[in-house]
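Here come two complexes built around subunit A, the first alongside subunit B, the second alongside subunit C.
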Partner chain A sequence: MKISDTSATMEDRFKALKESNRPENRTKWALEWKKQGKQVMGLLCSYVPEELVSAAGMLPWRITGTWKEAAPLAGVYRPEMTCRYCSHALESVLNGELSFLDAAAGTQLDDDFKRLLDVLIAIRKPAFTYMMYLPHASNRITMAMWVKSVLDLQQTLEKLTGVKITEKELRRQVGIYNRMRTLLSKVYELRKRDNPPITGAEALGLTTAARIMPREIFNDELEELLPYLEHREIPLKRSRPRLLMCGEYLDHPGYVDLVEKAGAVVVMDDFDTGSRYFWDLVEESSDNIIEAIARRYLNKPGSSRMVNWNEQAAQIVKWVKEYDCDGIVELRQLFSLPLDYRFFALIKKFTAAGIPYISVDREYHLANEGMLRTRVEAFIEMILAKAK
Partner chain B sequence: MITGGIDIGSLSTKALILENRETILGWSIMLTGPAPVESASAVLDAALKETNLCMADIKYLVATGYGRVNVPFAQASVTEISCHARGNNWLFPSVRTILDMGGQDCKAIRCDEKGNVLAFAMNDKCAAGTGRYLERVASVLNLDLEQIGPLSLQGADKHVQITNTCVVFAEEDIIRSIREGHNSIDILAGAMDAIVDRVVALLERVGVEEDLCVSGGVAKNAGVVGRLQQRFALKPSIAPEPQVIGALGAALVAADMGELNAE
Partner chain C sequence: MSNSSLSGLAYLEYEVARCNRRMQRIKDNPDPSKPKSNVLLYELERDFRMEQLEAYKAGKPFGLGTQTGPLTRSLGLVPWDAVPAADRTHGKEATRYFDIIRREGMPEHTCDRCSILIPMVLRGDFPRPSFLATTNYECIPIFMANLIVANLLDIPSFHIDRHFKNYKAKGKEDDELLKYMTDQLGEMIEYVEAHVPGCKYNEDMEIEWQHYERLYVQQAQKLWKLKAAIPCPLSGRESFREFRPSSLYPDPVKAVEYMRQYVEEVGERVDKGLGVAQPEERLRLLWSVAGPFYADPFSYLENMGVAIPAAEMTIYNGWFSGRESIWGDPWKGRKLSPLEEEARQMDFVWGRAGEAWVQTHIDTCRDLHLDGIVYFIQWGCPVTSALGKIVADTVEAQLSIPTLFIEGRMLESSIYDEKDFNSKLKDFVDICLERKKSHA
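Up next, the complex of A and B:
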């Protein structure tokens, strides 16, 4: 199955690809996959090694919560002031948007995710839900525990699907995923240009598309589009300020678009739904492919729930330099405590590095745009005044 | 050069006319109402009336406030955060920390000697620390808005503790205190303490540097200003008309634009 017909222009094909995770397109690839008699596993966390899910013949499909404003059904199971992504993900399960899922998997990313997985397990929607163990740090001891967790996932998947995950198939999948990561890295490399050929919102469209499509189809399409993107030009009102955006569970490109419409050029991100999804490769030449997969997932740029906040800040500062950014905008999801605590650590580091930084609360679904725009515009005005 | 600034706030719309970035020729304040564009036009007409000038005399006009994008006759829009910093800096050049308390939002701003914003913090999605809170407090205690500032300073040391700054929950707290038999002034003093706690936390987020000034409609409330003075042990500067500082800042930005285009 092709993404769009072959007579479509490259711009049309790019549009189709980057809009794959919009609500009206989101389930297309999963339903197509199921038509072939294969299963789909919904994923709630970027730490679940997708290569294993694919090697078991399932389509790993990142769960986007409902983008609708209210989550009334989830309110039966979850207090209002808890992780909004978790509530909206639960809502999409309860309202039937995700009834096609055969299984779901996540990690105990934080208490919010644990309780979400508990609910899914209790109500048996989807029919099977699996919670992986994920350490809070990466060191010799925790790595051994994580490898064990990855092996447990392998056994669970084999039992669930009846498919034996062979080393040969796993290595083939690692090749596919590494190709996807390399292609997305090439797209991000283009964002270093003075006049980037894609917007930040488009980049988020691509990374969220990658997580719901059969990866080989995504790879083929992106590979064909790359030469076009290299020469694509988008009109910019001004080339500065260039910003890096931070956040977790941000999958609505409307939020990035909002920052860009406020007058900034968003050239890099620290999203689990963006750069952190594809950053770093699995070492394909490793003798022990399971350990190589485990290493890649635990060692990739950390998330707010991991203890290595200094490393995370250092990674972001490095990106700010590499991508020639003038500041950092964090759109911090409401009621997500790890992000709230990390803020105090980040602000110290960014202030010390002389990088302007703003962190503003946001909902999971696109809301309060006027309020957010005022704060982001003021931040941009502040950067521009400083540059004068 | 004549420039103008329009500040469309959530409750009131303000316009100010400035000459050569030196002399304020006139200003006007009106309720925003449901039609911000019409309000902007009316408030500008009212400000012009004081000056014997007409719309065509205004070389540059800049809009600010939450309705800034809705002013078709403005050449540019700038956020109220930048405008309040500029406006207060023009009036009080030594000021480095600004607290603007408007109808539905509250912002703490730190600026440099030119009035450029260095840091800012705003209340999020909640009317705590704003004029709306004071309106509700006055209403539930059956007092006039103008009365509550001076009255709140008369309370004895036994202020009733109002722990909630959320407008809705504070109202419940106040009603409970009335039922418990506390007198209105002690309740009012407690409600004022709560709002000031809230804005002090906001100010601490940007760091308080001397001098401090307060603008926005709430700056007219002696109870809030008196408490701030006590907390920081310094007297905040307040403009003769603190509600038009955003519009003044917008008129100054308009003057910048005029000078830039003349070069």
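Up next, the complex of A and C:
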């Protein structure tokens, strides 16, 4: 299956790809996969090693919560003041949007996710939900337990699908995923230019598309589009300020778009749905491919739930320099508790590094755009005034 | 605590004075309706705060090894208990801290205790620790609160990560996960000895502290049986008094003696058939998670003939009922090493997958002959609030008893509406009475 017909222009093909995770397109690939008699596993966490899911013959499909404002069905299970992504993801499950899922998996990354998985297990929607153990720190002891956790996932997938995951197939999948990561890295490399050929919202569209499509199809399409993207031009009102955006569970490009419409150029992100999804490769030459997979996932740029906040801040500062950013905008998901705590640690580091930083609460679905735009516009004005 | 007293070690000084005042009041005007053992309890609390004060002034290391105590003390640390300390700031004091939290952009949407401890420590109202273990043994907000304190004050810290599996479950003990935790504790000890001056692990001391912890919990197990008595001899406030391990106090022998005396007194009430619900006990409820500590819904319920024999919080009822292994219990027929024991006792309920939290409600309701559950939806506590419906559905299906969800904050009282709160309780009591009648 191709993304768009071959006679389409490259721009049309790019549009189709980057809009794959819009609600009207989102389930297309999963349903097509199901038509072939294959299974789809919904993923609730970027730490679940997707290579294993693919090696078991399933499509790893990142669960995007409903983008509708109301989540009345989830509200029965989850109070208002809990992680909005988890509530909207549960709403998607309960309202039948995701009835095609054969299974779901996630980690106990934090209490919200743990309890979301508990609820899915209790209500048996989808029919099978798997909770995977993820340590919150990376060291010799926790890594060994994480490797075991990855092996447990392998066994679970084998039991679920009846497919034996061979080392050969796993290595093949690692190759596919590393290719995807490399291609996305190339796209992000283009964003270092003075006039980046894609917007931040488009970049988020691409990374979220990657997580719901058969990865080989995504790779082929992106590879064909890359030469076009290298020469693509987007009209910019001004080339500065260049911003890095932070956030978690941010999958609605509208949030990035509003920052760009406020007058900034978003050239890099620290999103679990963006750069952190594809950053760092699995070491393909490793003798032990499971361990190599485990290392890549546990050591990639971390979630706010991880203990290494200083390293996370250092990684963001490094990106700020590499991408020549003038400041950082964090759109912190409301009631995402770890982000509320980490915010204070980030301020300390960014202030020390002399990087302007603003952190504003947002909903999961696109909301309060006017208020957010005003805050971002004020931040941009401050940066521009400082530059003068 | 008045605003003017808040500087330096104000919290500790205030707590010492409060305990002394309470003891003096009991001495001057003994209230026969209150437990005599309260004097010992206030002495324990005062001695602990004095120990902290003196240690802090003398520059002795303060810290948090794990949440369970014996290891902290055997490392040579005076326990740093900011989370329970924050619990005592309810009412106006909590509102004052929340004003700081909001003004300075500190975490506001998390549970009250894990918000309040941040300004308490950062502003110097509570001592700065010399070491902090961060761990997800229980919940993410406690983990994060300790992590941010360590981060902002550049305090040496060490993370201990636990699996969500119930690895100490009786009959299903998991050696691999016990080793996982034990190995991490071993690394932590090396880290503390290398990074915190004055700290040196003393295994003999740990054995001793664990011994007293066992004796202390064994007394609490006797209390559990007394709680099952009809009418219930304990007030709701007594039921809700959070369990403080004996290792928190500088004198564990006195702690065990306090618990022994208290259990004896409750036993006397049972023997005399004394109950707290007036004019007679009509209903028995379980109060789960937390409550508005600045208000007194318990007296309101007791005056309607409703007893609250137990509160459901984390692992405590598991220990009290004997369903959870306590210090010194065998592990697959063998005795655990002191460090293994510490590792076992880090398997708290909220750190586990949800099934354990659901099951403890069912067990408690069965043990204590309860007719309903008041489930407090504590803001910023997803580990409990996002599982309430599953608890309610399961309890309804298995025991045919109803659950009331009632939302609020445990310490910050500005959103509390007593009339509204009590009217919900009243309606729920009526429902439970109807249900009880239909069961009969």
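Following the convention adopted for this analysis, the second predicted complex is superposed on the first by the 388 of 388 C-alpha atoms of A that agree within 3 Å, B and C clash if a C-alpha of one lies under 4 Å from a C-alpha of the other, contacts with A are read in each partner's own complex, and residues count from 1 in each chain.
Heads up, the rule we're going with is that a contact is a pair of C-beta atoms (placed from the backbone, for glycine too) under 8 Å apart; a residue touches a chain by one contact, two chains touch by 3 or more.
The structure displayed is predicted, hence computed values, not measured ones.
Trainee: Touching A:V119 in the superposition: subunit B (first), subunit C (second), both, neither?
Mentor: The second partner, subunit C, only.
Trainee: After the superposition on A, what does A:R305 contact: first (subunit B), second (subunit C), both or neither?
Mentor: A:R305 sits against subunit C, while subunit B stays out of touch.
Trainee: Have a look at where A:A378 lands relative to subunit B and subunit C in the superposition and call it first, second, both or neither.
Mentor: So A:A378 only meets subunit B here.
Trainee: Applying the document's definition of touch, where does A:V360 land relative to subunit B and subunit C: first, second, both, or neither?
Mentor: In the superposition, A:V360 touches subunit B alone.
Trainee: Could you say whether A:A387 touches subunit B, subunit C, both of them, or neither, answering first, second, both or neither?
Mentor: neither
Trainee: Could you figure out whether subunit B or subunit C reaches more residues of subunit A?
Mentor: If we count touched residues of subunit A for both partners, the winner is C.
Trainee: In the overlay, answer first, second, both or neither for which of subunit B and subunit C A:Q108 touches.
Mentor: The second partner, subunit C, only.
Trainee: Which subunit A residues contact subunit B in one complex and subunit C in the other?
Mentor: Comparing the two interfaces on subunit A, one with subunit B and one with subunit C, no residues are shared.
Trainee: Can you name the residues of subunit A that touch subunit B in the complex?
Mentor: Within the complex, subunit A contacts subunit B at residues 360-361, 368, 370-371, 374-375, 377-378, 381-382, 385-386.
Trainee: Per the contact definition, I'd like the list of subunit B residues that touch subunit A in the complex.
Mentor: Interface residues on subunit B, with respect to subunit A: 66, 78-82, 116-120, 122, 124-125.
Trainee: Applying the document's contact rule, which stretches of subunit A touch subunit C when the two form their complex?
Mentor: Per the touch definition, subunit A meets subunit C at residues 76-79, 81-83, 86, 108, 110-112, 114-119, 121-122, 131, 133, 135-137, 139, 141-142, 145, 148, 305, 307, 309-310, 334-335, 337-338, 340-345, 348, 359.
Trainee: Write out the stretch or stretches of subunit C touching subunit A in their complex.
Mentor: 105-110, 134, 136, 139-141, 143-145, 147-148, 151-152, 159, 161, 163-165, 176, 180, 183-184, 187, 350, 353-355, 377, 379-383, 385-390, 394, 407
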